[in-house]
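Scrolling down, you'll hit the structures one after another.
Okay, so chain A shows up in both of these, paired with chain B first and chain C after.
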Partner chain A sequence: MQLLAALHKELLLQWRTKAQLLAIFIFGASSLLLFSFAVGPDSSALRQHAAGFLWLGLMLSSTLTLAESFQSEMEQRALEGLLLLPAGARALYYGKAISNWTQLTLLGIGLIPLMVVLYDTPMPRPFALLGVIMAGAAGLSAPGTLYAAMTSQARAKQTLLPLLLFPLVVPVLLSAVKATSLLILGDPMGQVRDWVLLLLCFDAIHWSLCGFLFDRVVED
Partner chain B sequence: MRGSTLAVEGDAICRRYGRRWALVDVTFAVPTGAVFVVAGRNGSGKSTLLRVLSTAIRADRGTARMAGHDVRTHPQEVRRQVAILSHHSYLYEALTALENLQVAARFLGKSAERTALLPLLEEVGLAERADDPPLTFSAGMRKRLALARVLLQDAPVVLLDEPYGQLDPPGFRLVDHLLGLFRERGTTALVATHLLDRAAALCDQGMVLEQGRVSWTGRAADLPTQSGLAAAGLPEGD
Partner chain C sequence: MGDERPGVFYGLMALGAGFLLWGSYWGLFLAPRETYMGDVQRIMYVHVPTAWNAMLALTYSFVCALAFLMKGGWKWDNRLEAAMEVGIAFCALLCVQGSIWAKPTWGVWWDWDPRLTTMAVLVFAFSGILALRRFVDDPVKRAVWSSVACIVAYVDVPIVYFSVKWWNSLHQVQSTPQTVSSPFHWPLRINAFGVLFLMIGLIGLRSRVAGLRLQGELAPPLPERPAAPLLAPKAQGGAR
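Then we have the complex of A and B:
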């Protein structure tokens, strides 16, 4: 019940701030464009690194999305107000984490056509790629939501969030890049499944542990 | 049982920010159904005390019981019994006034229907602005909306931190009316204010905080004459 209330609130807030979503998409798209400029016109190199660029673009954009998701909570201490109602801290966490996950998944889906065009990659199997995007976005959003909450009241939050988050999501990034790369470039050894399984393991750890820790972060 | 007659009990509450003590051994009791004033100058510890009682922050030493529950050991139970009007409005700027109430109603397990919540907005004089976001509101209107949120909670204990602050004369009358309403319903109210005459007229008992310590307790009616605050320059009325 409380999770539904939290999700409803998040979706409503997202809808009201949809202009920011567009800005974050443009930021992600600009990142992909800049990576292609950095590598140059070598289409083979671009194709080879397309998956890496896609996930780097998503990861960089995620710091904006995650930090933004706590902006409205801190303006008038709305999060404190909800906790005093009392709303369950875990319901609030999972509501926000699911909302961030949805945003990152949509962003990932939006960036795929750009990747295909800019890096001249073949169009991968759409449902398999969607699965990898969803699993990878989940691995970014769960710890990202926790760290965004931790840094939301810090003065240097824009610096602190990536500093804390990036080292933690390296395993997620590696698995997601590898699985995406195999989907784009071909998978003769049938390794995608193993990488996705590894990714799902990281997801399970992050989603369970961060939900438990959020309670302490907001109460202390 | 202690909690049956006393709605709020503070027991040697101490709280510090850094090296400065904001509250020092604050001990007091408020009977169930009473309207109790906490008076004092700016920085005397009124808001800190209310935040400790609401479980928004923890006491460094001492404790308090709200409606029979210890704020330190049973914060969730306390939160179910207490509503607070804070210095912070606890509102989402991007949502409309009505949506802000709907968000709170859903978490409280109450009806979030427009028809159920509009009477609350009417009560605080914001029905016509129900579909406008607080971003477009004045400070006084935000306070009215925050009051509507307190009413929505319908808690047995209400903590009001400077409820008259930023309000216009009709707003003052609204707060007076709400304090009367709380008294009728048997709701215990703690009001932090420095408006001594208003507190004397509307509250039953009270105490004065000075530099975080209780310097006076007694009947609220005696507050302007006996507490020493009026002599110290605090306003006696609006």
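Then we have the complex of A and C:
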């Protein structure tokens, strides 16, 4: 019940600041465009690296989403007010993490048509790709929400969040890129399942561990 | 570590340096030349002990993080900072030694091998935590957050290793005294103890420095101007 209330609050905030989601989408889209300039107009090379570009775009955009999720709690000491409510810190964490996961999943879904258009990628298994995006977004949002809670209260927050998050989510990037690439370019050896399994293992470990440790981060 | 007298740590470092000199002399001049790799193999005598002790230092930092969150006590935070710094320095050294070995053996300075890549990721992950420590002024928040981040980063290590292993693998089988011939393993063992003693000494001294700095941070600030002396001489012609 507490979790639902926290999630409702987060989603309501997101809904009321739709311009922010749009801005983050434009940031992700411009990243995809810039990556193609870096490789050049070779369409086969672009198709080959499309999965990597998609996930790099999503990862870069995630830092904006995650940092923003705690920005409102820092204004007028709102976080302290939230912690005084009869709701556990874990409910607050999972509310924020699920809200960030929703936002990143939507962003990933929004970037797929752009990837298809810019890199001319085939889309033989769209629902499987949706599953990979959901699992990958979950891997980014679980540790990202925990680190955003810390960095939002520190100096140099814009630098610290990617510095802490990017090395940690290397397994997410590797497995999500591999799974997406296999789904786009074909999977003759049936490897997608293993990569998704690795991604799900990362998700399970970090969703439980970060939720368990969150109350130590916000308590004074 | 860190609470004892610094002389113990200087002594351990001197002992470690002595062991390293002895082991390196044995490895460079007395141990036989390896048949396939030639003299390049001799870097193993410092590379493998550095790898073991780097992982040991980071494991110790994980233990300190757990101990701080469960038991409290500033000594665990001091030890955490020291162990992370020494662990990062050893991991960075390991990457450099690996590159020096890789160029003549594999023909490239760097390869996306699981152990090499995991070490590089560890350097960046734990450097991020040290950066976090620099940007948080409140000592309590700094200690708690870095302990939490250290636990999350340490738990991530096996996942990073396996993901990179599935992605690409080139590294040779890990060297241990059991996997190398008897003429090679003595310098390896001696250097392993040398690096271990050096590491304990460095962590102890660094932990002591962290403790002293913390004392300065937690001590009440000095008054802006000195208080008036109790027996100040009365000014001439002052009011009675």
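Note that the second predicted complex is superposed on the first by the 218 of 220 C-alpha atoms of A that agree within 3 Å, B and C clash if a C-alpha of one lies under 4 Å from a C-alpha of the other, contacts with A are read in each partner's own complex, and residues count from 1 in each chain.
Basically, a contact is a pair of C-beta atoms (placed from the backbone, for glycine too) under 8 Å apart; a residue touches a chain by one contact, two chains touch by 3 or more.
None of these values were measured; they are calculated from a predicted model.
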item: Greater chain A contact set [chain C / chain B]; value: C
item: Touching partner for A:Ile109 - first (chain B), second (chain C), both, neither; value: neither
item: First, second, both or neither for A:Leu85, with chain B first and chain C second; value: first
item: Contacts of A:Thr17 with chain B and chain C, given as first, second, both or neither; value: first
item: Touched partner set for A:Leu185, first chain B, second chain C, both or neither; value: neither
item: Chain B versus chain C as contact partner of A:Leu64, first or second or both or neither; value: neither
item: Chain B versus chain C as contact partner of A:Leu33, first or second or both or neither; value: neither
item: Which superposed partner A:Leu130 touches (first chain B, second chain C, both, neither); value: neither
item: Chain C residues touching chain A - in the complex, by the definition given at the top; value: 69, 121-122, 124-125, 127-129, 131-132, 135-137, 140-141, 144-145, 147-149, 151-153, 155-156, 159-160, 162-164, 166-167
item: Sites on chain B touched by chain A in the complex; value: 54-56, 75-76, 79-80, 82, 84, 86, 88-95, 99, 103-104, 106-109, 134, 149, 153
item: Residues of chain A that touch chain B when the two form their complex; value: 1-2, 4-6, 8-9, 12-13, 16-17, 72, 75-78, 80-87, 219
item: Parts of chain A lying in touch with chain C, wherever the complex brings them together; value: 143, 146-147, 150-151, 153-156, 159-160, 163-164, 166-168, 170-171, 174-175, 178, 194-195, 198, 201-202, 205-206, 209-210, 213, 216-217, 220
